[in-house]
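Next up, some structures in structure tokens.
Each of the next two complexes has subunit A plus one more chain, namely subunit B in the first and subunit C in the second.
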Partner chain A sequence: MGIPLDELLQAIPLEQLLIQTVNGIVTGMILALVASGLTLIFGIMDVVNFAHGELFMLGAYVGVITLAATGNFWVALIVATLTIALLGAAIHVTTLRPLLGRDPLTTILATFGISLVLQNYALWQFGPVARKIQEPFTGHFTLFYLDYPWYRLVIALLSAAIIGALWLFLKFGTYGIWIRATTQDRVMAQAMGIPVPSVLTVVFAIGAGMAAASGVLFGPLVGVNHAMGLDWVLKAFIVVVVGGMGNLGGSIAASIFIGLLESYASLWVSPAQAVIFSFVVLILTLLFRPTGLFVPTPK
Partner chain B sequence: MEPLVKVEDIHTYYGKSHILHGVSLEVGRGEVVGLLGRNGVGKSTTLKAIMGIVRPSQGDVLFEGRPITHLPTHRLARLGIAYVPEDRRVFRLLTVMENLRTGLDRHGVTDARKKQLLEKVYNYFPVLAERCNQAGGTLSGGEQQMLAIARAMMLEPKIVLLDEPTEGLMPRMVSQIRQIIDVLHREGAAILLVEQNVPLTLEASQRIYIMEKGVVRHHAVASELRVSDAVIHQYLGV
Partner chain C sequence: MSARRVVVVYWTAFSVILALLIVAPLVLPEFWRRFLTEILIWGLLAMSSDILIGYAGMVSFGHSAFFGLGMYGAAAALLLVKPPDLWLAILYGLIAAAGVAAFVAYFATRLRDIYFAITTLIFSQIFYVIIFTWTEVTGGENGLTFSRPALAIPGLFSVPFTSETLHWFVLAVVTASYLALRRITQSPFGMVLQSIRENEARTRAIGYPIERYKIGAVMLSGLFAGLAGVLYAIQNRFAAPDFVFFLISGEVIIFNVIGGIGTLVGPIVGAAFFLLLREGFSRFFTEYYLIPVGLIFIAMVIFMPQGLLGFMRRWLNQ
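On to the complex of A and B.
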């Protein structure tokens, strides 16, 4: 290599390092919101939901339509979340519930099929041209020499709030207990009178709603088109594996980690190349810590 | 009088192996019935079939005279059938309190009633009150057994299916489980008790069924059986 580390660091001003730290955390929180829906569905239902990206994308479209009709971003966010949660419940009842107790491979194929249907439906319905969601406010603040948009910080905070609410929901309250009991022992949960099929439908609906919420929140940053889900969901899958499949806390930690990693990496290489680092982490995790970086080694 | 639970000639399979070959038995209201037999004769499977966890391919299970063979397990729990499985299966990551709440947080149970039920089990199992915020998985085997029974009591069951409750427990725990069976009985719950402990079962039960190779071979009033009887020796002796 030949380049000493201090020389490498000298080339990067401290401000830029701090900016990238902020960027990394913001991207990480966004990623955490996408990934927590995915990890919730996997952790509780043992379903790898390949349609998560399409629920994210459809959520963004419902957001576009509602925003056009009402002019209010927050109404659009809520309407999209509820609509896609209902769609998620319908998908679960019609497609996944009949597969309960079968080989996990069948659910993977089913969700993959759903993702193709939804993606092509969106292409047919909305066309290939990207739509725009106007962010609810366009203000900036000065971060060193940069105009940093407030909206990005708001997304990060909202993501944290939504994930926090999910955690509270799971931790307290009867439904949270039912969900956790179902995760640990489905048969015994039923024997205690917990209506497990409905619990699973609700969990899938919550995961779908979270995907939709992230779709609307990030719409202003990425533009809405039928393939917008792919990128984020690919990263969300990396995060879910690195964080330990089905582990909510691990996924959040992994999201921030991957966010920071890519954002530091893009100090040296282009953002497109920075993705390579995430994949390297993914492969190393699978090789050396297949249960995830952020879970204690199972006994 | 119509029995509370009536099992009529049920057959079950695990894959291709035929486990139950036409089991029939009944349990009356408030009755303690023992189900004895060697390992692997289908005692646990019989309980699972009643609870809807294993589906009989033939035959029927009736509860209060109505067929329940095709009802989902969670509906059976709501009807008043509680299940305490052999391996206890407490929710290991849920606290003791949360374990109890899985059965307690039902539609139509008032807060006062919930409090009453909790006080009752804490009275029988003071150790559960002490550990109410501890995760179920951190309890000892005996404590987990108490939790499994206490959790079943939260359902205010009409019948409790008890699968080898004393297995692997210290003698002191065994006598405590014995007392709990009496407590459940006094409160009017019927019990279908699967056990390897023959003296305990004969003492606690009113009637006994003895199973072998997936069928009921013998049926007797418990007080007429002795541990030393030939029939016990034939089906249970080693």
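On to the complex of A and C.
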């Protein structure tokens, strides 16, 4: 303590700051992909999906298996997304559909149960040793004398592309319009002939698929293990509260904000402690703007 | 049944169960004696969370923080003050838990329903990260170990705990807490909490300062959770960051749902049921016991939302 600010800043070279900026945006984009699935499910279905991190983790595992079988990363990405989307649909039909119309809090309990089951299933099936996903390409480019892997930039762009596709789908696709109608007024949507229960199942499946895709994309950066979902679901919850629940744009902005914040913070403290900075942001948000940082102030 | 008969039946059942629990350690083998004491401690933790879930309608995912800070508070008293003193451990544990509870209550009660659940979860993670990374003070991942204090009343007597006297001590604390919580839930304060659960807007319109009641409820709940943490620390002679991790809060909610929320006794029944299930399943599934337990939990959320106790009550009334 007691170190003047300019001395602290001098201790960190500019290029490192730049690297951390890029890193922060990359993790922010992955986080945005996880959180937008979570916020989609919450905003449309009033379901807080505790099992979202486990879907992320299982997606990464399906990616590991498919990659081992086919040797192609992109095939693995698509197979994992589709498999977990199907699993999501199955989970929705078996456990969440019976809870339709009950207190939203019961869905937290049910999805918490699902997350326990899935996490322990993964531990049982794949063991505690972390698996590795090979990056699809290993090229580097030079960023201020330092090598920076291309793959990280590709992740950020792909995440942005997937989120963009989701937005277009919600805006212009027939099913997307049904989904938005269901969000606005479930009863009226039903009366207009929209198959509300299957719309909800599709939403859950899309969210699950997005979680799985981010799991596969993120897999090469860290090991894949059964507990990796916990970290992400917590971060995604922070993002969703900071960005405003059920607000897609807010979640993306908050993801990048949190990603940048944590990567700058890890210049000074260990990554495990960098989380505390996001916690502080959360507390400040709750204090001054409880509806979310990126939402217009309610009148 | 007339109101009078209900009262008679209630106190008879209460005395019978209490008597059974007092006699139990004398007849049970060591393993089950310990097991029963543990059920009582987890039951106290679950009961404290029932104040929020069952009475105020707030699902807290942050009870592990209160429980864990109770443990670490007791650890601080037992490690820093020589010779270790039981009552000082309880006092330190309660102060630590109350401090955390005040912090969490102040921020989290600004939000409702799901938002409250998520915020309490994140707050408990804050304390987890702090305890996990502050190795010099908290022992980090390894936690702290200490010796058990003697059962003593200053100036009167001082004997080391045996597993029987530990059980009776825990039983006395849990029973006293149960009676206190039961009284509180039937007091005007408890009534206001229930009316907040039923209709927050109307309760506010009547003129109750809802925020103050909610903060009070979270702090009360946190205090009893901290007490459970102190008891657990004394029983097991260690404090570990695993107990601050939010999975513990999740288990506490499972106890509540299994046993029946809003009944105070239900959560204890739920804790007993869960721990027995875990004991039974872990013989076949080893550490993967959470797979069958999780499936049972999901089934109960869907098909038996009133829990074991509520189910039994309905079945008895038929």
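Convention: the second predicted complex is superposed on the first by the 291 of 299 C-alpha atoms of A that agree within 3 Å, B and C clash if a C-alpha of one lies under 4 Å from a C-alpha of the other, contacts with A are read in each partner's own complex, and residues count from 1 in each chain.
Note that in this section contacts are C-beta pairs under 8 Å (C-beta built on N, C-alpha and C of every residue); 3 or more make two chains touch, one makes a residue touch a chain.
Note that the structure is a prediction, hence the values are computed from the model and not measured.
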item	value
Subunit C versus subunit B on the shared subunit A, clash or fit after superposition	fit
Following superposition on chain A: angle at subunit A, subunit B versus subunit C, Cα, nearest 10°	90
Subunit B versus subunit C as contact partner of A:I238, first or second or both or neither	second
Touched partner set for A:E15, first subunit B, second subunit C, both or neither	neither
Touching partner for A:W124 - first (subunit B), second (subunit C), both, neither	second
Subunit B versus subunit C as contact partner of A:Q184, first or second or both or neither	first
First (subunit B), second (subunit C), both or neither touched by A:I194	first
First, second, both or neither for A:P104, with subunit B first and subunit C second	second
Winner by number of subunit A residues touched, once subunit B and subunit C are compared	C
After superposition on chain A, the shortest CA separation from subunit B to subunit C (Å)	13
For the subunit C and subunit A complex, residues of the former touching the latter	59, 107-108, 110-111, 113-115, 117-119, 121-122, 125-126, 129-130, 132-133, 250, 253-254, 257, 287-288, 290-291, 293-295, 297-298, 301-302, 305
Contact footprint of subunit B on subunit A as seen in their complex	174, 177-178, 180-181, 184-185, 187-197
In the complex with subunit C, residue positions of subunit A that touch it	42, 48, 95, 98-99, 102, 104-106, 108-110, 112-114, 116-117, 119-121, 123-124, 234, 237-238, 240-241, 245, 270, 272-273, 275-276, 279, 282-283, 286-287, 290
Parts of subunit B lying in touch with subunit A, wherever the complex brings them together	51, 53, 72-74, 77-78, 82-83, 85, 89, 91-94, 98, 101-103, 105-106, 151, 154-155
